[in-house]
Structures are given as structure tokens and as C-alpha cells.
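Report on the following structure.
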Amino acid sequence: MSKKTNEMSQILSQEKLASDVYSMWLRTEEIAKEASPGQFVSVYSRDGSRVLPRPISICEVSEDKRSLRLVYRVVGKGTEEFSMLKAGDRLSILGPLGNGFPLERAAGKRVFLMGGGIGIPPMVETAKALDGDKHIIAGYRDELFLQEELKRYGRVYTATEDGSAGTPGNVLDAMMANGLTKEEGREPEIIFACGPAPMLRAIKAYAQEMEIECWISMEERMACGVGACLACVCQSKEIDEHSKVHNKRVCKDGPVFLSTEVEL
Amino acid sequence: MSKKTNEMSQILSQEKLASDVYSMWLRTEEIAKEASPGQFVSVYSRDGSRVLPRPISICEVSEDKRSLRLVYRVVGKGTEEFSMLKAGDRLSILGPLGNGFPLERAAGKRVFLMGGGIGIPPMVETAKALDGDKHIIAGYRDELFLQEELKRYGRVYTATEDGSAGTPGNVLDAMMANGLTKEEGREPEIIFACGPAPMLRAIKAYAQEMEIECWISMEERMACGVGACLACVCQSKEIDEHSKVHNKRVCKDGPVFLSTEVEL
Amino acid sequence: MINTKVSLAGVELKNPVMTASGTFGSGVEYSELIDLNRLGAVVTKGVASTPWTGNPTPRIAETYGGMINAIGLQNPGMKVFCERDLPFLEKFDTKVIVNVCGKTKEEYCRVVDRLSDENIDMLEINISCPNVKEGGIAFGQDPFAVEEITAAVKKYARQPVIMKLSPNVADITEMARAAECGGADVLSLINTLTGMKIDINKRTFAVANRTGGLSGPCVKPVAVRMVYQVANTVKLPIIGMGGIATAEDALEFILAGATAVSVGTANFFNPRATLDVIEGIESYMQKNKIQDIQELIGVVK
Amino acid sequence: MINTKVSLAGVELKNPVMTASGTFGSGVEYSELIDLNRLGAVVTKGVASTPWTGNPTPRIAETYGGMINAIGLQNPGMKVFCERDLPFLEKFDTKVIVNVCGKTKEEYCRVVDRLSDENIDMLEINISCPNVKEGGIAFGQDPFAVEEITAAVKKYARQPVIMKLSPNVADITEMARAAECGGADVLSLINTLTGMKIDINKRTFAVANRTGGLSGPCVKPVAVRMVYQVANTVKLPIIGMGGIATAEDALEFILAGATAVSVGTANFFNPRATLDVIEGIESYMQKNKIQDIQELIGVVK
């Protein structure tokens, strides 16, 4: 298990990738070193009126493991604040948190990385870390981002809701349109997915039907980020080993779960 | 009466004058134009956890009346925040507030400007605005600041509590030590004073004894800064015309009062 | 054209946004900073039968996301108020609501009686001030007292009566019901929560009165909860307040069941707060294609 | 050498700083981030007789300077707690206080009875959770119920009993006196204030349970006031909490009369908050030449 640290990181760069999507590289002492793909960090606001951390997935770790990249969408006050920070500013973060994707399960398999919207960023580091035959399906609302990074580490298929690029529709549509099907012998042997709940629900159903091993990264509002407060639970199919009830903690037991383990 | 405006001012410069004393020049649209000596501004914190304004006296107004200077001591969270701002940063301020010193009362008189500690800054603009025979008595704890500015506009006599410069002791000690007395025919004909309560109390007593007209600038915690909330009252000797009780509003009826009008 | 007009016991406001008593004086001072004609109503500082000196200073202290105050209802008394402050307010195209305080039931009635003859749109009865020894909160924490004082002032009032409730109770709905039984026309809530701050360096109380009333953004969740509870208990229209600084805040109260809202402490850190709220409500309605603000009141159930 | 040791009903803590129930799990998770040996005590999440599922999500929402939570006392039940979580805590040189919840008086007693056999220093009885329908706050708002349940659990407890009071009352001293009469050894306050947040875009409640408990820096003035009132009413030692994030905050509570303090929500924005508070209290004592923390407890009167 990776060692968690609360650090005052330093912002190395801040860049706008799309209308409301930003990318930030942060210099850390410990966190980048410990991080693995699919894990996230808690980012603390610098404004005293906001007391809860913002969980943001680790998009990339630099080769020297001294810095990490966060790619995030401005959706509220916290992310708006982050977007206004500049190189040189400092930012308190806690991490790495959560379990991350079980890369070892993908060994030798045709792995599909499916990211939707702001669920795309963790797929960059995941693709980077995986060897072998990687298919990356990226679903966007309209504007594209992180395409170059993704293309560096695998074959990329794109879907957009407004049809402005790639396949019109969602990630499953893009799979079908590109012949990534059982009929063609090109279906996934294992899926790693991250994105909005409706997308995850559809992927879970598809995987269940096709009997494909599928790992999904869940989202829930968080307070502690380390498994102590029980704010961020999702419902589990079976009684959970730790909680003794039908609840799993997204921050600690997840965010990545086997799709059959959890209710969506 | 000066028109009040709430503006997003821009910081032109930030400078450290002494261990915990800072000086900030701000570009304003309206406030500097309207300001007169002894008035103050409400400075709003940028951190949402701090909801009350910090009243800071106007230390100087630039010749073109487009910017104003605030000199302040870091004593708590708000002033600490201000001290970390840099040129280019923006800061919301409301002003000019309060009445200011009644300069017209000093016409043709030997005027004494007496400032103690962080009560010294407003004396710069006051000295600048007054013609004639000006004596500036500045009392410090230890480190000096704003001496050059003061010297530009009048004769400066200095006192320090630790005796490291000028007369050891307070502003009254400096007066006596420099022969600014009735015996020498050099006593004040009118006093404008700003500083900590014990200093003002001593000056008030001195002025009363010597029957000298004396105006003092008072401090009290403020919320609205414009006379609406009745947070900042001081006790008045007579029933106040506006409040109908023995209270005057420091932010609106003051901060400058005739020393005989108010209890200290 | 979107409609932001709301009606409180027959009094029509051009928009639901008013000032919170005690934070806006009687309007004179803030009229230098904002156009009072744009407000739904101005609610004045509490008025008693005679001038009140209020509490010693320090009267306020900043707290995290808010402040405590113990002004102690300083006011010039009803005579000066009627002769000086009311004529000023009458010049504006906004409704005038006068906040009333008193030390005894008789004093409340005396003030209401005097104000009844004036050109005032509504009276707000403050039975919830935590900063005075007599009157105030002593009435606001006991349902029998709430009902009794409501019935008493109603006898003298020619304007609709707003009863202002205290949040320092275990069950706000009990107080709301009591005010309704007493004949209140409108309820306003919340007044301040009793709080304390200690100056650890001076080792003394940060406000001279020891305790003070907590207000500002920090109290909003308590206020929204109480407005929601009261809106789902009584039939009276509600004026919601407690921490409103933005249109988003105001909309929380409206969705929870408030017909109108007051902006208090926010005036101190943003003198334009009332106008920002008014404009923000309009944009929200436009964005969400809401024609009439009635469509929003109390829809979150 | 300065002394920060305090004693609560005969249990000696190396310093007055503990964790607030529900914000620190049973210590396992935060032990990766801070050294539990440094804490005065660890207070665990509420434990019931059987596993509780808790409330649906979203269970929390951020508010201005604080948060609301409606976890609903999810817990694995006393059996798993005793077999798995207690042995973990026993490894540390810190006092262990177990928070107890229940739906009925009998359930509280059952849990206390079971825990009495364990190596636990104190039991904290949560009669003030606003997020569960039965039990919890239903007990905490009625002085007769407070006294009754205190007396009941005291019969089963072999450890000193801390009664945890709710701030959602008109008069906290009444509840404190009731707990004292029932035989409580220590009082802890405050639990959370009932609050609500509305999501104006989704036009629904921000937490699934509609209402939640407000905690964090925003509530501190209410908490300090209540601690002060209770300290000046009953003779029992008090554990103060509500918004403590810094040593300055903790010292306000101590000066107001708290013998010990708990850090809750602050752990979420500063995992080192407890340690910062401990270190800050020591520096304050050093700076002010205070030998023994006893010299600070309740000195602001």
C-alpha cells in the first residue's frame, strides 16, 4: 500500500486545455513517488470558507517521479480557485489515495481503457503503465483534450456527444463503430473505466452481458479521503468485509471496484 | 461630504517599512480623488473566512489623486493577508470614510501633529495638506518608519519607548525635551492626534489643562464602516445629536473628535 | 418578462430582497452606496419607545465566516425615528418595514401603537434579540410568550405584523405555530444564534457583553433548515435570512419555502450585496426559464 | 517543564487533545498520517449493538466554513469493534474512549454492558446525533430523557461515562444538569447543529437525508458559548468541541471552562490538526509562562 503524505506542493505550470478544463503540474516530495495509476489526491482549498478537500485523479507522474499532473474541470468554487493559481504558488495536497487500477490483472490481455469527460485524465497514467495491446476509448461532450498524451500510449478511439469529432455518441458507440466487437474478435478482455455514472452503468451492463472483467472508478463526495468518516460510501452487492454492511468506501476501498461488486 | 465608493483597487507596490509595518500603494478610480487627511478606508479580506472590513487610515494620496497609500502594522490574520499581496493583485476597498481632521481650524495657528505608532501614517497626508507652522511629534515603540515623508512636510520630533532614537518616552516627553512648551512660547495652538488610547488620554489631559483645542482620532472595531450598524461607538460627553444617546459613531461621526466631546 | 414580485400579507414587493434589521440603519447611510429604490423593502434597525444606549464596546467580534454582535439595540426612540428617519425613507419607491423592540409587552405595544399611525408598510416584532437582558429573547424562547405578545401587538397594529423568531430553540416549529395562533401575518427568521468569542491573549471576552449574536454566512445551514421546517408547518409567508450573501444563498431560502429574503451581515463585506442578490435571482430565473418567482417558492420538498 | 496533563473523572490524559467521534474512524486510517501516541485520547466512531448501514449518499455537503453530514451512524457493530478495532487501539499509548449509539435505551445499555468488559478508558454516550430517526437526538433534547438514559447506562458502565450533549436546544444548562443528576462523570459538547443545504441547480437537498449536522469552524462561537454556560452551571469536567482547528480555538474552549478538547472536522482539511493543536497549546503556555494547564481552565469568567 502506498504511503500517504500531506504536502505543500508547488505549482510548476498551469495550462488551459479546453473551455473549462485545466492542467496543472505539481512538484511534490513524496506523493508522486508513491502514486500508481487510478489513485487520486485530496486538494485543499486556500480559502478558509471551503473546508473540504477536492478529490482529483492523478493524470500523470513525471519520469523522475518528482512531479504529478492533475487535469480538472472547473465546476464550482474550489476548482475555479485552483484554475487561478499560477506557477510558483503553493497548494496543500494529500495523497496518493485510494487503490488505483489493478494493472497486474491486465497482463497479457487485450485491455480497454474507457474514459468519459473528466474521467479521461487517469487513463493517461494507466495507459503509460500498461504494456501490451491497449485500446483507449475517450468520450467527450464536445471539446477534445489529452488526445496527444493518450495517443502516445495506445490506440485511441474518440466519441463526442455533439458529433464534432470521432464517433457521435458515447464510448460504447465508438467501440461498435470501430469494430471493437466480439464478432471481429476485437472485444475487450478486461476493461478499466472512469467517467460519469450513466457511462459506467452502460459499461457495467455491457461487461456483464459479455462476461468481461470490468473495473470502474467511482465518484462520491468526500470529507476525510482516507476511509475514516464514512462519507463516501457506495453500495456493495455483498456485505463488505470491513464495514460489515452493504457499503464500501470509495476513498479507501476504491475508487476502483470490480463492476460486479458495487451497485451503480 | 466626500462620496464613498466600493472599488476593486489594484496594488501598485508593497514595501516593508519596519519589522511588522508595511506600506502599500493602491490605484483607485474614485477613492483617492475624494479623500481628505484623517479619513480611512475599509479593506476587505480576500479570504472568505474573514467577513469584516479592516479600517486603515489613508496615509498619503498621490499628486495626481489616482492612488493612495496605506501604512499598516501586521497584528492579525487580516493585516497578515494584506502584507502578502503583491503589485498587480487586486483588493476591494470602500472609502473614503469618516470625517478627517478639520484642517480649516488650523489656519494661522501653530499646529501640532502628534502620532503614536500606527497612528503616525495619517499624519503624513495631514502634514502635506496643512500650510504654516507645523510641528510633527512621532512616537514609536522602537523601529522608526515614515520619518522621511514626515520631514518633507514639517519639523519632526521623535520619541521612542526604548530610547533607541529621539527622546526616550512618549510624544509628550518629546515635546517637553524639545522645549515645545508654554514657557518657551512654543506650545501648540491646536493639536491633531492619532495613536493608541493611553497616548490620546495623556494628550487630552494635557490639552484640557493647557486649554488647547485638540482633535483626536479614535479607534473602535467596525462592521459597516458607514454609520449604519452602531458597532463602533464611543461614549460622548453630551447626548449626541444623531443617536440621541451618549454615543457617537467612530466610523461616521469620527474618527476625529474634539477631545472634550468624547470619553476616553 | 420575468416576474419577481412577491406579496407578503397583501403588501406587494417589487422583488423579494430586503435588508436585515440592524445591519442597514434606517437606510440613510447605505443610500450613499446603493439605490434604495431597487430594494423590495428596507427593514430598519429596532425602534423602542425611548432612546436606548445599547451595550458597552467592543460590541462586535469577527468569527470564522461570520461575526458576533451585541449592539444591545441602541436606537434613538420612536419619536425621533418617526420625525427624522421615516420621512427620509418615504422618499423612496420601496416598502418600509420597521423593526420593533421593547423591554416589556407594554413597551412593544406602545411602539406599535405609535407606528401604526405612520406611513409604514409592515411592522417586524423582534422577540429574539439575544443581547438585551429584558424583553427580546426572553419572549422568543417560550411559545406561550410568543403567542401572547403576538396577540398583544396585533391589537395595536394597523399594518401587517411580522414576528421575528429566534433560532436559539429546540423546536422552531413550535414557536412558529405559537406566532400563527397569536395572529401573526408573516414570520421572519432567523435572528442571531447566541455565541461567544474569547480573546486568548487578553484572556477575556471578545465582546463586552460576553455573549453576542452570531450572524453571517456561517449560520446559513441552520437558517435554511429552520425556514424549511417552518414553511412545512404553518401557512404564513416567511421572510428568510441568516447568512445570505449571494443570489445562490437567497435561492436556497426561496426553494426551502421563503417568500422573501433579507440580507444582513453581507452588507458589511459587500455594500452591494442586496443588489447582487436581486440581479442574481433574475439571471437564475432567466437561465432556468422561470417566468414567475412563485414557481420557485418552497418547491424543494 | 510545562504540564499539559489533565484528568477526566480519574482518567489521566497526557494532554487535553482528543479526536471527535466520527471524524477519526477507530484510528486505523489516520495512524498512517499521524502518531496516535501523541494524542490525549482517541474517541472512536459511534458503536451500536449490531452493524448499522447508515444513510444513503450523498451523506455530506460543504457549507461556508463548515460542512453538514448525515452519515447516519454507520458502524460494524460492537462485536467486530471489540474484536478488530479495539485490539488495534490498545497498541498505542493513548487513552481510548468509545462512542456509543443506540436506537433504544436498551440498546445503549446492551452496548455499554458489552464494552464494560473491555480495556476501554471511558465511554461517550451519543444522545445527540441529529441524523437518525430513533434514539440519538430524541434523547438529547429532553432533560428527563437525558437523566433517565444517563442513569440507565451508568448501571452497566464500569468506566467513567461521558454524556455528549446536543446544541439543538434552547437551554444547554438544563441538559447538563439533567446529565449530572443522572450520574454522568463527564460532559462533552457540542454535537452538530441541525442544518440543511439545498442544491439550487438540481433543486433538491444537498444531502440525501435532507437535514444534516453542521460542524466545522463556523460553529465555534455557539460551542464556546455553550461550554462556558455549562462550565458555570455544573461541577463536571467538560470536553469541549465544535470547530476546533488551531491551538487558539482550543484555548478558547479551555479558557471558557473545558478540561479537554476534541478536534473533528478540522482533520478533514488538516490531517495534522490534532498535533498542531497540541504543539500550539504548548507554545502558548511557554510564551505566557504558564506551568500547568490547570491555570487556564475556566479562568475567563
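Note that the chains are named A, B, C and D in the order they appear, and that numbering of residues resets to 1 at the start of each chain.
Definition applied: a residue touches a chain if its C-beta (ideal position, glycine included) is under 8 Å from a C-beta of that chain, and two chains touch if they have at least 3 such contacts.
Chain labels with UniProt names: A, B = Dihydroorotate dehydrogenase B (NAD(+)), electron transfer subunit; C, D = Dihydroorotate dehydrogenase.
The shown structure was predicted, so the numbers you read here are calculated from the model rather than taken from an experiment.
Enquirer: Listed by label, which chains are in contact with chain B and with chain D (Dihydroorotate dehydrogenase)?
Expert: Joint contacts, listed by label: A, C.
Enquirer: Counting C-beta pairs in contact, which chain pair has more, A-D or A-C?
Expert: A-D is joined by more C-beta pairs in contact.
Enquirer: In angstrom, rounded to a whole number, how far apart do the mean CA points of chain B and chain C (Dihydroorotate dehydrogenase) lie?
Expert: 35
Enquirer: In whole angstrom, how far does the Cα centroid of chain A sit from the Cα centroid of chain B?
Expert: Those two chain centres are 56 Å apart.
Enquirer: Just give me the whole-number Å value for how far the CA centre of chain A lies from that of chain C (Dihydroorotate dehydrogenase).
Expert: That gives a centre separation of 47 Å.
Enquirer: If I count partner chains per residue in chain B, which residues reach a count of at least 2?
Expert: Chain B, residues with two or more chain partners: 48-50.
Enquirer: Hey, what residues on chain D (Dihydroorotate dehydrogenase) touch two or more of the other chains?
Expert: 64-66, 217
Enquirer: Linking chains that touch, what shape results: line, ring, star, complete or other?
Expert: Here the contact pattern is complete, since every chain touches every other one.
Enquirer: Touching residues of chain A toward chain B in the complex: what are they?
Expert: The contact residues of chain A facing chain B are 47-50.
Enquirer: Quick one: in the complex, what on chain D (Dihydroorotate dehydrogenase) touches chain C (Dihydroorotate dehydrogenase)?
Expert: Residues 63-66, 68, 141, 168-171, 193-198, 200, 203-205, 210-212, 214, 217-222, 224-225, 228, 243, 248, 251-252, 255-256, 284, 299-300.
Enquirer: List the residues on chain C (Dihydroorotate dehydrogenase) that touch chain A in their complex, please.
Expert: These residues of chain C (Dihydroorotate dehydrogenase) touch chain A: 64-65, 217.
Enquirer: Once bound in the complex, which stretches of chain C (Dihydroorotate dehydrogenase) touch chain B?
Expert: 22-25, 28-30, 32-33, 45, 51-54, 57-62, 64-67, 69, 71, 74, 76-77, 80, 216-217, 265, 267-272
Enquirer: Name, in rising order, each residue of chain B that touches chain C (Dihydroorotate dehydrogenase) in their complex.
Expert: Residues 3-6, 44-45, 48-53, 94, 220-234, 242-247, 252 of chain B touch chain C (Dihydroorotate dehydrogenase) in their complex.
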